[in-house]
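Here the structure is laid out as structure tokens; the discussion comes afterwards.
By letter and in written order, the chains are A, B, C and D; residue numbering begins at 1 in each of them.
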Amino acid sequence: MKKIKVGVLGATGLVGQMLVRLLENHPWFDLSEIAASERSVGKTYLETMKNRWSASESIPVYAKDLKLKECSPGLDCDLVFSALDSGVAGPIEEEFAKAGYAVSSNARNHRMEPDVPLIIPEVNADHAALINAQKKNRAWDGFIVANPNCSTIHLSLALKPLYDSFGIEKVMVTTMQAVSGAGYPGVPSLDSLDNVIPFISGEEEKLESEPLKILGSINGSSVANAVFSISAQCNRVSVRHGHMESVSIKLGRKAETEGIIESLESFNPLEGMGLPSAPRHPIIVRREESRPQPSLDANAEKGMASIIGRIRRCSILDYRFVVLGHNIIRGAAGGTILNAELLRAKGYL
Amino acid sequence: MKKIKVGVLGATGLVGQMLVRLLENHPWFDLSEIAASERSVGKTYLETMKNRWSASESIPVYAKDLKLKECSPGLDCDLVFSALDSGVAGPIEEEFAKAGYAVSSNARNHRMEPDVPLIIPEVNADHAALINAQKKNRAWDGFIVANPNCSTIHLSLALKPLYDSFGIEKVMVTTMQAVSGAGYPGVPSLDSLDNVIPFISGEEEKLESEPLKILGSINGSSVANAVFSISAQCNRVSVRHGHMESVSIKLGRKAETEGIIESLESFNPLEGMGLPSAPRHPIIVRREESRPQPSLDANAEKGMASIIGRIRRCSILDYRFVVLGHNIIRGAAGGTILNAELLRAKGYL
Amino acid sequence: MKKIKVGVLGATGLVGQMLVRLLENHPWFDLSEIAASERSVGKTYLETMKNRWSASESIPVYAKDLKLKECSPGLDCDLVFSALDSGVAGPIEEEFAKAGYAVSSNARNHRMEPDVPLIIPEVNADHAALINAQKKNRAWDGFIVANPNCSTIHLSLALKPLYDSFGIEKVMVTTMQAVSGAGYPGVPSLDSLDNVIPFISGEEEKLESEPLKILGSINGSSVANAVFSISAQCNRVSVRHGHMESVSIKLGRKAETEGIIESLESFNPLEGMGLPSAPRHPIIVRREESRPQPSLDANAEKGMASIIGRIRRCSILDYRFVVLGHNIIRGAAGGTILNAELLRAKGYL
Amino acid sequence: MKKIKVGVLGATGLVGQMLVRLLENHPWFDLSEIAASERSVGKTYLETMKNRWSASESIPVYAKDLKLKECSPGLDCDLVFSALDSGVAGPIEEEFAKAGYAVSSNARNHRMEPDVPLIIPEVNADHAALINAQKKNRAWDGFIVANPNCSTIHLSLALKPLYDSFGIEKVMVTTMQAVSGAGYPGVPSLDSLDNVIPFISGEEEKLESEPLKILGSINGSSVANAVFSISAQCNRVSVRHGHMESVSIKLGRKAETEGIIESLESFNPLEGMGLPSAPRHPIIVRREESRPQPSLDANAEKGMASIIGRIRRCSILDYRFVVLGHNIIRGAAGGTILNAELLRAKGYL
């Protein structure tokens, strides 16, 4: 199988850096183009990132001499990963799709558009079919596929097996989100140190709407949203990586704790598909009373799993649990790569 | 008015230290006795606390030369504040009450006993009447009055005005609690740094039961608990002081946001009573989108207020908000002092 | 004594806010004008600071309705405190001085100019005499007086009594500086959380040069710098307020530990002058083995003192100690106010 | 080559856990015995560590069913790694050595004894020859080899190439040490959060004495200490792993920056020996102005390297730099393993 040439839009930001790291030695994708805002154009990645590279490991050798280009069609690749800021992502991604590129986006701009698939491969791989409608509607040679919000991804992964086994009527969720979710420079130290901020702009709206589309059913060329209510309260805490969510759910049918655990632990719809970035276990259930914790568990399955713990009854809805997941890997960069792998496996690429 | 002689049991711990600080120059109480575990008995407070005093201000001059005594009756005072660890508080507090002392306790041991008033002065001052039943039941000359759990106090203060104005049917709460809530040494740095721990032993049980007693109605010699459900999920975060709680409530009657704010802001049942530690405003409503925050707001009203923000509708229950409060002041030491002031004003002391 | 009308340039930043807080009810100064960058001009302070006010206490009532003006002469006051960013402070401060205003500056721009006094009132009040030379040299009606760098202030306060009593030949200092030293938004959370950054741009240069001017002797219209060497290594740590410095010094003459402590503790040259912001004790010596600490000691004397601990011999130079001080109060806003008070007392205002 | 059977004493602590992790699949050593304090004896490692295992990865499968034994001879192995607390390590290690075991210790108890080699393999592998003297002096069949203090190891690695190339006369060092250096539970959150503690019991003494033995020259059966002065000031900061040290040195001979860098970067005395845990580069020099940083660099070379940055002249001594290293890996568990590998390679095992 020939490797697909890929590019990264927004390669200098926190998510862009993670894309560059995760694409090193990728068996299917060959990162050959990186693009960013104008002031970096023409410089090598090494030069640009000298004082901004934020990982323990050095910049991968393969990426050091890549030159940053403009974020506009003309890149020598077939697929672009978009780690662009939502302030500019909208029209740029459209331009690329129009010009024939496949766009696997992490930006929020197109997520809720009816003909844009909002995909978590384990949850709604079949939504990829919207691509055909999208290309037709928009008369595009390429297309856009969106990755959900970082908190949404882990919540939706946790909800999917329960939704299938028991139905879901209501979801209450309070998040405690890591500072890296706001990018870099992002949250000032004076706001996070010894503090909790009970507000993240736009976050509750995303968390209350995106899962309904993701868990919705595709019907030819459109998605019928899932019908249940989500109430989300989002907080920023002093954690580097790993969003924690306290969840309470009302199920459609009676369930026992063991049945819930069983449905979560056996959930593995990508098994056997051979997607390189798919975790062996997309959901890990911890039974210790004080797990998961960001510092111990966010990197489980190389940051691609959702870790669930403290499953127990709720006196108001039916069940409660906490779910934790890496916000920059599965919640952003890793999610867009897994989406692209899915598209390749399904023949869209 | 002659000052009442008081003692502090457990004077060396985090709550005990705060009692010593808050009782400096108290207009009604004269701290004359301090007691702690055996290994400190006989030493001065200054000597004992040399490397353990945990406040910016020095040990108050008045307390430096007080000698630590055993935690057993024989102290020269009429009232004792108990900041004892729950592992030992139960029998010691009983011994003092039996011996004729008034005990204003912060320990959890006796909180839920039917004849022990569990008091927040602004919420259920009338429960003090249980003291008579208690003395009679137990043939004690003294009595025990309990202060609720630190998270319970701020939640209950927030709920009380709403309960009175609109009724309450359901309460979902997710807490993000400060490390000082676990005392000293308490939470190891390796557990709190860059982390969230989704579990605090015993905390959810207290938070789900205590408010129902506190909001209950006294009926002669017993309290009829309030009848609604509370579901609590408790997390430890990397914050020094100040518990934050994300709350969602179902009200008994229809309410508008402005009515809710009005009921919270006008709540001030102690007004005019002249209790020295009572805050001018027990509830402060912040209207900024990202307040309250522990680092900015926990010390409001000298740590004696509950600060509420982000009041907004909930798609599942009716309303959502966050409430923040100082866990060591109003949530512990300051709460027990205010309780004793109430008892004095009501003639129980 | 009639109050002097004062203004604050850069009133919206972290140091500007602290000036507004510290000038509330100031007995000598009447804050009547606030100025900031163009985008705030015309708005009230309350409106501008709604989501940026960073203190527990609310915006002082007296300042709420003040309107922000441009940072250019025309303000109705005699003295301006400059909390401007060094990127713009230079020419603006000059413009004010030229127009007849007294400028008490916290910016670094003019600190090392030969006719600008760089003052810590307890250390070199006599340097104020440079004002006359400055006015003459520059044909200005007003003048500029500078406040040293935040780390410099506390180091210089610690060195002064030792310099006078024993002479100083060499100073090695390693700082651990609080994030608030970089202003707001300042240091990103991702840089400070669970981390140390061993570099602060320009800081070592200031710390190695400013103390020599401050400890220098004035000789008519110029200062002869003190002659000793300083080697500084500056680090940023995860602390909100309070710079800690590990210091080692070589003295000019033999000294014993008790003599050193005595010279530090008895140091109080402003005693009896009645300057409103002067701490009762500018230097506090702690004898506990693990003090001072930022969280316990930075606010000593309302943030206006330098706290010294761990005084002990050094096997390479002569003595070692740590010095801690509040970087925003004595190290910035409070320092410029104390400077202005000194000038008033000396008749320059 | 047959694998050597090894045991871990103190297997439940922070360093013990790291030993269990690092020994998984070790090519030379076969961990077959684990021992700890009495209350765990008889339980499996899995059972004992359920709520104490502090790593992201799970307990290695190979170790789960090992049963904890008493810390006394009788273990079925030839070599023991001692991660015992210094409160008990002294006599236990002696007992093992007497009974014929090789002991690779991380405890401080025997480090400074004249016939106990205090080894960093890259620095003083030849000191292993003391083993012969030790066995003879003490009439032991086994022996003890000690690993230096965590801050000492990284300082000594940085000093060694400079000592060899230029000589060293004086070393001033100020440390900023991670909380994991104090073990678990170790430093309370209330002490580390938003704080610096300018004192670590016993640390300065170790850092001022151990490098002199390590850099000393072996002369038959004894070590002649290196002759230079070290002055150390030790601070605890809010960092999980990675000790940072600001160092200033006076060299014996003139050196240029490039010569210093060259001597550090070319330092690799273990090259070609094939020790499994030896880093490819024991010293890494970073040229960026704000590196190394604990969060980015402590894990370099799997935590086995010392990372040096900010090499520049010092106005008092000759050169300054910062050195950072992982305190639990190279600074403790990894160090003792590398020591044992060296002994094996040299035929002592």
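By definition in this document, a contact is a pair of C-beta atoms (placed from the backbone, for glycine too) under 8 Å apart; a residue touches a chain by one contact, two chains touch by 3 or more.
Computed from a predicted structure; not experimentally measured.
Common neighbours of chain A and chain C under the contact definition above: B, D. In terms of the distance between Cα centroids, chain A is separated most widely from C.
Rounded to whole angstrom units, the spacing between the C-alpha centres of chain C and chain D is 42. Averaging Cα coordinates per chain places chain A and chain D 40 Å apart.
Those residues of chain A in touch with two or more other chains are numbered 54, 191, 193-194, 238-240, 289-290, 295-296. Within the complex formed with chain A, the residues of chain C that make contact are 14, 54, 179-180, 184-194, 238-240. Put simply, chain C touches chain D in their complex at residues 170-172, 174, 176, 191, 193-199, 208, 229-231, 233, 235, 237-240, 244, 246, 248, 289-296, 309-310, 314-317, 320, 322.
Within the complex, the chain B residues that touch chain C are 50-51, 54-56, 193-194, 240, 288-290, 295-300.
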